[in-house]
Structure formats: C-alpha cells, structure tokens
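When the chains are written out, they are named A, B and C in that same order, and each has its own residue count from 1.
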Amino acid sequence: MTTRARARRGRLPVVLALPALVGLAFLVVPLAGLLVRAPWSTLGEQLFSGEVGQALTLSLVCASLATLVCLALGVPLAWLLARGDLPGRGVLRALVTVPLVLPPVVGGVALLLVLGRRGIVGQYLDQWFGISLPFTTAGVVLAEAFVAMPFLVISVEGALRGADVRYEEAAATLGASRWLTFRRVTLPSIAPGVVAGTVLCWARALGEFGATITFAGNFPGRTTTMPLAVYLALETDPGAAIVLSIVLLLLSVTVLVSLRDRWIATPT
Amino acid sequence: MTLHAQLVVDRGSFRLDLDLTIAPGQVVALLGPNGAGKTTALRALAGLLPLTSGHIGLDDEVWDRPPASFVSPEHRPIGVVFQDYLLFNRLTALDNVAFGLRARGTPRAQARRRARDWLSTVGLDDHRDARPRALSGGQAQRVALARALATDPGLLLLDEPLAALDASTRVHIRAELGRHLGAYPGHTLLVTHDPLDAMVLADHLVIVEDGAVVQEGPPATVARRPRTDYVAQLVGLNLYRGVAEDTTVVLDAGSGGTLTIAEPATGPVHVAFPPAAVSLHPEHPGGSPRNSWAVTVAGIEQHAHTVRVRLDGTPPVLADVTPATVAELRLTPGMPLHATVKATEITTYPT
Amino acid sequence: MSRSLRAVALFAVAALSLVGCGSGDTGASTEPTTTSESAAPAITGDVNVFAAASLTESFTQLGKDFEKAHPGVKVVFNFAGSSALATQINQGAPADVFASAAPKNMTDVTTTGAITGKPVTFVTNTLEIAVPAGNPAKITGLADFAKPDLKIALCAEQVPCGAAAKKVFQAAGITAAPDTLEQDVKAVLTKVQLDEVDAALVYRTDVKAAGDKVEGIEFPESDKAVNEYPIAVCAKAPNADGARAFVDYVLSDKGRDVLTKAGFGAP
C-alpha cells in the first residue's frame, strides 16, 4: 500500500462507510442487473438493426441541440438571476426550477397547451407561419430543453454568485465594456460551473421520456429517441429493450467518464 | 488639466466628505486609518461607486455629477493598481498588460508591442509568458503597475499598492514606484495607511479621518506641524533625503547637516528615525552618540503621554520626550539644546 | 462479472419474484360461474385489477358497483397498455385480476404460469375513427388517413389497438401516414381531445367515454379487426377470493350492462 493510501485508511468512519456502500450498491446493482440479463447471444443482430441506429442518432442529435438551446438561453438567464437587480428575483428563481419538480409528462402537457396546434402561442405559429411543433424533431428538442434547462441555470447561477466581482471591476477600469468583461473575465472564471451544468443538462436531455412522448409523440426516425424506443420495445421484446438500455448506459458512462475531474471541479 | 473632485458619499452611517485637487504630474497621497474612507474615495474616482452628491471632473470633462451625469469606469481615462493586484489568472503577464489596450480598441500586434515595452520598463522581460500565479509578490505588483500605465491614463489610482508585500520587498519596490511616478506625466492618487509610502512618494498629503480631511499639505510640513494626535503619531517621523558615502550621509540642502549611520551605503538615500529615538541635552554630551548637533526649541506640543518638541537646527528634528524631561530641562521655545541620535536607530533606504 | 455482484443481482431478482404472481403450485380453479353472485364467503381487503387502458371508464364504474355490493372491499385499478401490464405481471407484480385488450397479451402471461385455468373472453371492441369536436379537418373515412398533410395519431403496433389498426388498414388497402405512434390508446385519445391531431383510430368505447370533446366516425372495415378481451384470475393472487368474485361480477348481467353501455360488444 502506498503512503497516501495508508494515510487515507481509517479516515472514513464506519458509520459513514456502511451507508455509503449501501448507497453505491443501490445505484450500481440495477445497472449490473441489466448486464446480467442481457441477451448476449442475440446482441449482435439487435445492436446493428436499423432501428437502434436511428434512435441512437436521433437521441444524440436532439440532446446536443437541446443543450445548445439551454446554453444560449440559460447562461444569460443565470446572469440575470445572479447579478440582475430585479425586484422579484426570488420568485423568478423558483419559477425557473419548476421543470425540476414537475412530472415530465405534465411538462409535456403544458408544452402542448402553449405550443400545440391550438396552444396559446402555438395557434399563431400555426396560422401565421405554418409552423407546427408537436410531432416534429424540433418538438423533441424543445421538450428536452424544457426539462433540462434548470440544471444548467442553477449550475451557472451558482458559479456566477461565487465569482469574484473585483476582477470584473478591474476589467472595467481598464476600459472593457460589459460584454467584453463577461467574455474575457467572467466566463473563463466560471467555466467549470458552466461545463458541469452543460453535462448535467445533456445527460438529462438524453434520458428524457415523459415530456418528449407527450409533446412530440413517437415516430421512428423523427421523434423516437432511445428512451422511447426502450419503452416500446419493452412491450414486445424485453431482450431488445435491455440491449437498447445497455447502449444508452454505455454511451452515458463513456461521456461522463471522459469528462475529467478537473474540468468540473472549482479551481482552488 | 487639473483633476478636481468634491467627493460626498453616504454609506449607511458613514459619510465621506472630501475635496481633492490634483495637478498634472502631481502625486497626492490619501493617508488615514482603516475605515477612514480612503478606499471609498478611490472607488468613487474610479467610477466603481457613484457619488451621493458633489462632482468629479478633469478640467471640462465631467465624470460624476449627481443626479444627472455619470461616466462609467470603462469610459474614464483611468488606470488602477488594486491592493490585491487582481491580475487575470488565465492570461499571461503580457496579455494582462495588453488587456487595457485591446479593450480600448488597439489592434492586437500593436497592443502586444506596447505591453512588451512596458514589461521591459518594469524589468520583467523574462516573465512575459508567465501566469500571475507563478509570479512573486513584487513581480505581480510590477505587472499590475504596467497594466495600469499601459493605456496612458489621465488619472492613476493606487490602492495600497505595497501593502501585500513583505518588508524587504516593499522597500525595494517603493523606490522603483517612486521612479515610475516621477516619469509619469498624469495625475496620481495614492491611497495608503503606511506613512512612509506617503512621505517618500507624495508631493501632497491629504490626511483623512472618519470621512473628513483633518490636514493636508506637503509631507514635510504636515510632519512638522501635525494638527491632531493621530497625524502626529502617523507621520511623526524624522525623514531626510541625502547622499551616503560609507557611513556618512550628507543631507540635502532642505535640511542640511550630516548624519552617521550604522551600515555603510552609497548614493542617494532616505534616512529616517522616530522622534522617540532623539535625546535632548542642555550641552554637547560626551560618550558614544556620533550624531549630535545644536538645536533650538521651536515648539512644544502635548500628545497623550508624551511631549513632542519641534527643534530647529541643521537638520531640524522632532523629539518625543516625557513630561518629566520637559520639567527637568525647563523646556521653553527658543531655548538652545543638543539633540542626539544613535547611529543604530537610524534606518537608511536607498532612493 | 464478479461473484459477489452476480450473487447480489440474483438475490434481488429472486426477492422480487417471491412477491406476487410467480410460477409455482397451481391455484384454485378459476372457472367462473355465469350466474349472479351466489352466497359466497364474505370477501374483504383489496382487489388489485390490472386492466387495459380502454377499460378505464367501464371498469371504474364496475369497481364502484362492486364495492357497494361488497362493503369492506376496495378495488384498486392499474390501467395501462396491455403489454406493459403483461410484463409487470410476469415480473411478479401483485395482481389479482388481469383483463387485457387482446388474447396475445393474455397468452404472454399464461405461458409463464402467471395465470392458470382458462381465461374467459368477456367483451369485444372494434375500432372507430375519432376526430376533434366539430371535425375541423372534415374527415370522412379511412382513406383520409393516407393524407400526409393531416395530423394523424395511431397506437403503436406493439399495443393491441395498434395491431388492430394495422389489420384494418391492410384490409382496406390503405397506407396510413401517422405522425405519432402512441404507447396506449388513451394517449391517442388525449391528442384528439386537445385537438392536436386531425384524426385517430381508437376504440368505440373510447369515443363514447370522451363525450362531447370527440366525435366518432364509423367505417366499414372495422369488423375486420375485432379485439377480444379476455379476463382471468392470477395464479398467485394475494386475494384469490376477491379476485374470483370480481371476475364473476364482470361476467354477470349487471356487469354486462355497464360494459354494453360503454360501447363494448358481446363476446
């Protein structure tokens, strides 16, 4: 055992170690169950069938697009919540986190009521521009962005609050406009928070089911993402469902593991 | 082009009311205890804090005149050296210095060239590509100064620029800073709580206590005639400029005389010793003190538990004595005495 | 896979299968009687009924009536797509009664031994075209389902109503152009109710249940795909007596009444 390991041993009290292990088992065993029950014999043919590829591609594309939408809208929103001088900021912040506590299906219904064909806003989109969002890939992106944005906003807002305002003051005295200060001083200093928020956002968007199926429906190649494919496969062919689940699982784990710790950790 | 300001800032129970005028090329030091309002004044001049009333202007340009006019910091021709330097950690020293130029629209190549020149001026050629974290305190301070001066600001604001340095570095950097300030043509405001900074670097001293000016004037004058206990305590230092040769220092024309110091030095120096190190004798004493000269009592002031005696002579000197000594010597203005200072009590600073 | 991990996984699966319906000794006979309920032993407790989504309104009514007839009993429903229910039962969910919208799903649970005895077909259901109130897109028949510019909702093929829809389109020689394939018939109905789609294929009973919000349009090919609904008592039913009593009630005249009113056909 190395010196470091020897120093660490005995640091974690048993009273914490035990629940920690139980917690770990709780999270890991179901995933192990997937691997145990996988139809390894038919894995090959199922994996490379057209449907899996289609659902996977759609999932990746939509999750990434949704994350871009969240970044474009979420970072400014986080800035507003952290630095803006609005009167009702507390209420605003609570509203922003509503999609977190809302059951995703309810979120989907809400989106339908607003952006559906007869929705409050959607009806004008339909009448004036001929744009109809339900049952389209754009609808998937929207539904995913709706449920995933709070993760990004909360993460970035936290980072902004912790950022040192004095550096921004220094930049101002050097003649930097507010936008330049944000770009070259603030953003780099909150980068870890933004990265962490983006990762959470992407992961959430990838796994989204309820809002997607309610708002965007289900149609292979257009709106059938991996979670939907898994759910439907479960109806007839649990083996296929397990295969799809494993693919999704491996994909997520790969992405998360490849994100090195230091990109997400706050700088000391 | 004079900088004139009437700084009135209300912050809760604290009120700053300060009039300030800085002539081009002049270094004004704002001196005072913590909480006096010095940093508030500096931030108001920088535009980081709006005035409650009053005005700030550089000749005809109005920077702040509530309620109507307010120019934000990025539009004021200022350069600020912050107490913690606040160098941008993810940029190299060169990029830090070039930041202000780039922000104001200078093309990249030109900005980098100017930045390189400035880093040369402050003696950091080799550290161009270093990150702030890799620099020592003194080096970081120099980068901060270069960064502030690179844009040729009209007003240079220094917020306790030497406070973060250890004692030996401070001496060295102070001298350098003095040189740069001498070369800088703009207006300078130096905020500090260290009287030595003020005495060495400033042309004009403004002493602030509780948000108001208690005394102002040239450093020597303020030191010789403190108006309050605090000022006396603060600037009660005998400070002279002179030229050293081995252990003898010939003081400049303003004060005159010679002093013997303990450690050899060469060239232009500052010498300083506290009033408490001065002994007064009715006649020339025998014994070890090498520094002994004739003085005349010019004034006597009671301060807390000591009495400060102003003495004319070559050089003139302040002495702190006990009331008992006053009685014993029967000190009265005009009385001739001898002042002595031990060479070991004199501190020497290269200029 | 490490031994301990495998052991834990197997333990977890075994634990689950101990609960509720699993393969094992045969339960009591599930042959129901068609007479009205006899003076059976008093039943108490909860009866867990897993029923296809299309049975929602009618079974809810039957449940209320059953509770009135048997005070002290509570009927707890789990309405979902038949295939989802079948999977749950096979995985050991504690169901007393299973009523599915197609024989296929009932077969799925019979082959694993979760049902023993013979399931009984108690109603039939046919498809009907559903359009939003007022028929804004002026749908006339099945042929409209092939129009790409209309918004169409169908059940996914894996679900009984989707399988029936497929048969019907084949019989009519029409290639449908759906915009969404929902996972159960109620989800399809919701889309129609919200006027998000112009037309959908749902069960006649669903059209009836939706009332004013939805209009129904009959079509000739509907009798090409008649869904038979079987019902059965689970082998490992926690409340076997209650289960049997409920099934008897469903098959009784009173039960038949409610189901016919809802739009179901006779078996």
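Convention: contacts are C-beta pairs under 8 Å (C-beta built on N, C-alpha and C of every residue); 3 or more make two chains touch, one makes a residue touch a chain.
If you're wondering where the values come from, they're calculated on a predicted model, not measured in any experiment.
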Top chain pair, ranked by how many C-beta pairs fall in contact: A-C
Far-end chain from subunit C, centres as C-alpha averages: B
Closest chain to global C-alpha mean, per-chain Cα centroids: A
Inter-centroid spacing, subunit C versus subunit A (mean Cα positions, whole Å): 35
Length of the line joining the C-alpha centres of subunit A and subunit B, rounded to whole Å: 55
Geometric centre distance via CA averages, subunit C-subunit B, whole Å: 88
Subunit B residues touching subunit A - in the complex, by the definition given at the top: 46-48, 72-76, 78-80, 82, 84, 86, 88-90, 99-100, 103-104, 147-148, 151, 157
Complex contacts: residues of subunit A adjacent to subunit C: 25, 29, 32-33, 35-36, 112-113, 116-118, 132, 134-135, 213-214, 216-219, 223, 231-232, 234-236, 238
Contact footprint of subunit A on subunit C as seen in their complex: 1, 5-6, 8-10, 12-13, 81, 83-84, 87, 151, 153, 156, 158-159, 178-183, 187, 191, 194-196
Partner subunit B, residues of subunit A touching it in the complex: 166-167, 169-178, 180, 184-185, 188-189
